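Multiple structures follow.
Shared between the two complexes below is subunit A, which has subunit B as its partner in the first and subunit C in the second.
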Partner chain A sequence: MSQKAFKILAYTPLIYTLIAFYTPLLLMLVESVSGKRGAAVYTDVLTNINYLKVVSYSGYIALLTTFITFLIALPIAYYLAFIASERLKLNLLIAFNVPLLVNLLLRTYALLNILMMLNIAGTFQGLMIGMIYQYFPLMLLPIYSSFERINHALIEAAETLGARPKEQFLKVILPLGLPGIVSGATLVSLTAFTDFVTPAMLGGIHGYTLGYLIWDLFLKYRNWETGSALAFIITLVAVAVSTIYTKWGVKIEA
Partner chain B sequence: MKLKPLLACFTALVLAFMYAPLAVLIAQSFNTSKYIGVWKGFTLEWYFRLTGDYEVLEATFNGLAVATLSALISTLLGGIAGYYFSRYSRSGVADSLLYVPIVIPEIVEAVSLLMLYVALNVELGFWTVLIGHIAYNISYSYLAIKPQFEMTPHSLEEAAINLGATPIEAFLKVLLPLATPGIISSVLITFSMSFDDFVKTLFTTGPGFKTLPLVIWIRAARARATPELNALASIMVAISLLSSYIYTRYLLEAKKEK
Partner chain C sequence: MKKGLELRLEGVVKKFENVVALDGVDLKVEGGELFAILGPSGCGKTTLLRIVAGLTAPDEGRVYIGGRDVTKTPAYERPVSMVFQNLALFPHLSVYKNIAFGMELRGLDESTMERRVSEVMELVRLPYSEFAHRRINQLSGGQQQRVAIARALAKDPEILLMDEPFSHLDYKVKLELIDELRRLQRELRLTTIYVTHDQNDAMMLADRLAVMNNGRVLQIGTPMEVYSNPASPFVASFLGEANILRLEASEGYARLDGLLIPVSEEGEIMIAIRPEHIKIGQAESGDQVSVEGIVEDRVFMGPLAKIVVRVGNQKLKVYSESRIIQRIRVGEAVQLHWSTAEMKVYKPEK
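And now, the complex of A and B:
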C-alpha cells in the first residue's frame, strides 16, 4: 500500500465524522435560527415556563439519581477496594458489570415487570427505582477504580499516626478517591439528564422529561425550530460538563 | 457494630437488586399464566410461538446485519486512523474531533442526523441506520485501538525491519498481534452498541426496517401482557449474560496478567 493511499484511509474516519456527525450538528444550529424569530428562538426557549419546568424536573431527577447512586456505590466501592479478597473482588466486579451489558430496553422491560408486581409502575417512586437500577453501575466503577489506585501505605501511615477509621476514611480515602467520584457523578448526571427510555417506559405521567420533550417536538409537533434550539443548548451543556470531567475526573479503562 | 459483615451484606443485597428483574423475567417466560407473579405451571409455549413470529425473526436478522457491518467498518477505519495518528502524525485534532461524538447526548445526535437525511431527501431504512451507527462507532474504535499502538515501542518495528522484515511484514507480524486486545474490544463494543441501539435507530429508520430494540419498544409501550416478549427477552438476556461474562472475564484476567 502506498504511503499516500494509507494517509487517505487514515483520514477517512475524520471526513466521515465531519459529514455524518458535525454537518448534522451545524444543520441543527442553522435550522434553529432559520425561522421567523431568528436567534430569538433561544430566548424564547430559555424563558418558556413549560420548557423550564420540564428541564428543571429532568435536572431534579438526574441529581436525585446521582445522589442516591453515590450513597449506594460508596460503601460497595470501599468494600471491593479495601476489604474483599482478590478472588472475591474479581467475581463481584464481573457480577456488577454484567447487567450493564444487557440491552437497555430489555433491562427496562424486566424492571417494568417487577414494578408491576409491586404495583408501583408509573409512579415517581417506581421511576426512581428504575433510574437507580440503570445508573448505579456507572457510579460504582469509576469510584472503585480510583479507590483501587490509592496506595495502601498512605492509609497505614494515617493509622500509625493515630487516625481513627472514620478519620482515615474522611481525610485520606475520600479526598484521594475524589477524581472517581467526580467522574461517576458527571457520567450519571449527564446521561440521566437526557435519558428517554427509562422515564418513558417506567415513569407513566411522571416520565415526561427532557428526552421526551425533544422527541415530541421533533416527531409529534414537528416543531424543528424549537426542538433544534433546545437540543443545541443541551449539546453545549454536555460538552461543558464533559470538559470539566476530563479535567478533574479519571478516565475509566475499558 | 461490625463494619465488614455489614458491608458484605449490603453488597449482596444490591447485587440481588441488580439480578432480581432478570430472574423474574426468565421465570415468567416459562410460566403458563400470562400474569406476572402468578405461577401456574411450566411451559415452553411462548418460546414455540416466538419461532413463528416473523416480525421478531426479521428484526433479529436486521440487527445482526447492521451490527456486523458497522462493527467491521468502524474497527477497520478507526484502527487504521489509530495506527496512523499514533505513528506518523500529530493527533490532537483527530483526538478532539473523534472525542465529541462520545460525549454528545444520543438524542441530539439522532435528531440532527434525521435533519440531514430529510434535507438530502434520502429514503430512510437500512442504509441510513447503518451510516448513523458507524458515525458513532468510529470514535469508539479509534479510542480503543489507538492506545494499543501507542503502547508498542517503535524499537520493536525497527528491530523487525533490521532483521529483514519488510514494513508490511513488521506491521502484520509484530504490531498487529500486539494491538489485538484493542481490536477485539473495538469489535465487541461496537457490535453490541450497534445491536442494542435504540434512540438513533428509531429516529433514522423508515417504516420497513426494524431492529429488536424497536420491536421490544413497540410491544412494551403498548403495555399488554405479552408472554412471547418475555421469551424473546429471556433469550437475549441469556446471550448477553453469557457473552458479557466471557468478555469481562477476559478483560479482567488480561488486566491481572499485566
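And now, the complex of A and C:
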C-alpha cells in the first residue's frame, strides 16, 4: 500500500509542475505562429539586427555578472569551507542568505535608494552593482557546497606529496569543486540573461535588456506573435544549456 | 646502499582545546627501521604521526629528521610520505596521475615520470600495463591500498608514515599486504612508522614498537621484549591477552578467593599472568601457584583453544592446545597451576 501512496505523493506535484510550466510554453508557441506570417515570424526574429543587439547586450551583462560573481564567490567559498570555524561558517551563510528571504522588488528598491544617494542610479555601473548583489548567493552556494564535500585528507595528501598551498588549490580543490563552479555559473548566467526587474529598475537607459524587450513587444507594441517567438527561443536556449550541463555534470561526478 | 634517515622527537606536547593529545613524547626511530606505534583510539598516535608529517604543529617540543630540526618545516618540504587511513587517493585522477602527482609538481619530464611510476608499481606488484590508466573507483580495496603505497614511494621519501592503512581490508588481503610491506621495507630500507590499534599487525610487522596511552609512550622495545616483559598492566593487556588480578599482599603472600600467591611486595598489588602460562591439570615442579575453579566457557581458536575459569569472584582465561581443551566440559572443575616466574607484579598506577 505504502509504495503506491508514495507514488501518488511523488507524481501529483510532478504533474502539477509539468502542467504549470509546459502549458504556457505551449500557448506561447501557438501564439507565436498564429499571426499572418505563420512560422516565418521565427526567421524575422532571428534576422532582426536590433533584436540581436539587445540579445547580445543581455548576454554580455549575464557573462559579466557570472564572471564577477565567480571571482568574488571563489575565495569566500574557500574561506567558508576550509578556514572558518563551524560557528562562523553558519553565521556567515545565514548572513549571505537572509537578503534572499526579502521580496525581490523590495530588495531592489532598497538598493535603488542607495544607488541614488551615491548618484549612480541609472548608470551601467549601478546596474552591474545590482546584478552582482542579486546573483552572488546563487554563485556562492553551489561552489561552497562542492568545496565542503571535498575530503580534507585529499588536500593533506597533496601537501605531503609536495604541493604548496597554491598547488593544492589548483590541483585538488579546483578540479574537485568543478561541478559546483559549473552549476553556479550555469545558474547565474541563465537567470541573469533573462532577468528583467533588476536591469529595468536600476539600469536606466542601460537596462534595455532581453526581458525589457519582450515586455515592450507584449505590452507596448502589442506584438504578441513576435514577443512569443522571442520568449520561446530564449526558453529553448535555456533548456538546451541546462540539459547539456546536467549531462556533463553527471559525467564528471561519476 | 642507501638507508632511510633517523627520526627523533623531543618533549612533544599537543593540546586540542583542553584535551591533551600528546603529553611530552620522546621517541627515537633508527634509520631503516620498521617501527610500530600501538595504542587504543584516542591515545594520540595519529596526532604523533601528523606532527612527523608536518600536518599538525606541536605546541612544544622538537622534531628531528636525520639530525635536522624540521619542527618549523612545512609538510610539503619534508622528506616524508604518508599513507592515510582512508588512503586519500585523488578520485579525479587515474592511477598513473595519482602516483605521478608529486613528480608533476616538480616539473619532471614525461619519460622520467613514466619510468618512475612503472618502477614503483612493480614494487607494489601492480602490473603497469593493466592498471596505470584505470580510475581509482575501478580498483578493489587491496589494489587501492597498493596505489596509495606506490604514490607514497614515488616521492622517494626518507621516512614512510602509515596511519592504520590496512584497517578496512579483509583479513586475508591484510595478511598478504603485511607480508609485502615487510619485503618492501627490507628492500628499500626505508624508515617506516606504522600506527595501529591492532596488536597482531604491530607484532607481525615491527622491528620495534611503542605502546601509547593517554598521550604518553608507555614502553618501547621489540615485540618480543614488550610482550614478555610488559612495563604495566595496561601494556600487558593491550599487547596480547593477560589476566590482571588486583589483590592485597601481606607477609609474603597475596590472597584472593582461594588463591595463595607468593610475592615479595606488600600492600595493594596487581598481578598479570598470560593465559598461555597457566597450566591445566597436574602441577609440575616449580609451580608455586595452584587453584581450583569451574569452567564457564570454552572457545576454539584453531591450534589453540581458550577456557574461562571462575575462581571465586575472579575469571581466569587459560590457553592450551585444542586437543587438551577438547576433553574439558563446561561446568567441570579444573585444577590450574602457574609458576611465579611467569607472572608480573605491579604496584597499581595512581
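Definition applied: the second predicted complex is superposed on the first by the 225 of 254 C-alpha atoms of A that agree within 3 Å, B and C clash if a C-alpha of one lies under 4 Å from a C-alpha of the other, contacts with A are read in each partner's own complex, and residues count from 1 in each chain.
By definition in this document, a contact is a pair of C-beta atoms (placed from the backbone, for glycine too) under 8 Å apart; a residue touches a chain by one contact, two chains touch by 3 or more.
All of these numbers come straight from a predicted model, not from anything done at the bench.
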item: Subunit C versus subunit B on the shared subunit A, clash or fit after superposition; value: fit
item: Touched partner set for A:Y11, first subunit B, second subunit C, both or neither; value: first
item: Touched partner set for A:V188, first subunit B, second subunit C, both or neither; value: neither
item: Contacts of A:P75 with subunit B and subunit C, given as first, second, both or neither; value: first
item: First, second, both or neither for A:P175, with subunit B first and subunit C second; value: second
item: C-alpha centroid angle, subunit C to subunit B via subunit A, nearest 10°; value: 90
item: Touched partner set for A:M201, first subunit B, second subunit C, both or neither; value: first
item: Which of subunit B and subunit C A:L161 touches, first, second, both or neither; value: second
item: Residue contacts with subunit A in the superposition, subunit B compared against subunit C; value: B
item: Which of subunit B and subunit C A:I120 touches, first, second, both or neither; value: neither
item: Nearest-approach distance, in Å, of subunit C Cα atoms to those of subunit B in the combined model; value: 15
item: Residues of subunit A at both interfaces, subunit B in one complex, subunit C in the other; value: none
item: In the complex with subunit A, residue positions of subunit C that touch it; value: 53-55, 74-78, 80-82, 84-86, 88-92, 101-102, 105-106, 151, 155
item: Interface residues, subunit A side, partner subunit C - complex; value: 151, 153-154, 156-164, 167, 171-172, 175-176
item: In the complex with subunit B, residue positions of subunit A that touch it; value: 1, 6-7, 9-14, 16-18, 20-25, 27-28, 31, 72, 75-76, 78-80, 83, 90, 92-114, 116-117, 133, 136-137, 165, 190-191, 193-194, 196-197, 200-201, 211, 214-215, 218-219, 224, 227-228, 231-232, 234-235, 238-239, 242, 253-254
item: Interfacial residue positions of subunit B with respect to subunit A in the complex; value: 3-4, 7-8, 10-11, 14-15, 17-22, 24-25, 28, 36-37, 77-78, 80-81, 83-85, 88-89, 93-94, 97-98, 100-101, 103-109, 111-116, 119, 131-132, 134-136, 138-139, 142, 144, 168, 185, 189, 192, 195-196, 198-199, 203, 212-213, 216-217, 220-221, 229-230, 233, 236-237, 240-241, 243-245, 247-249, 251-252, 255-256
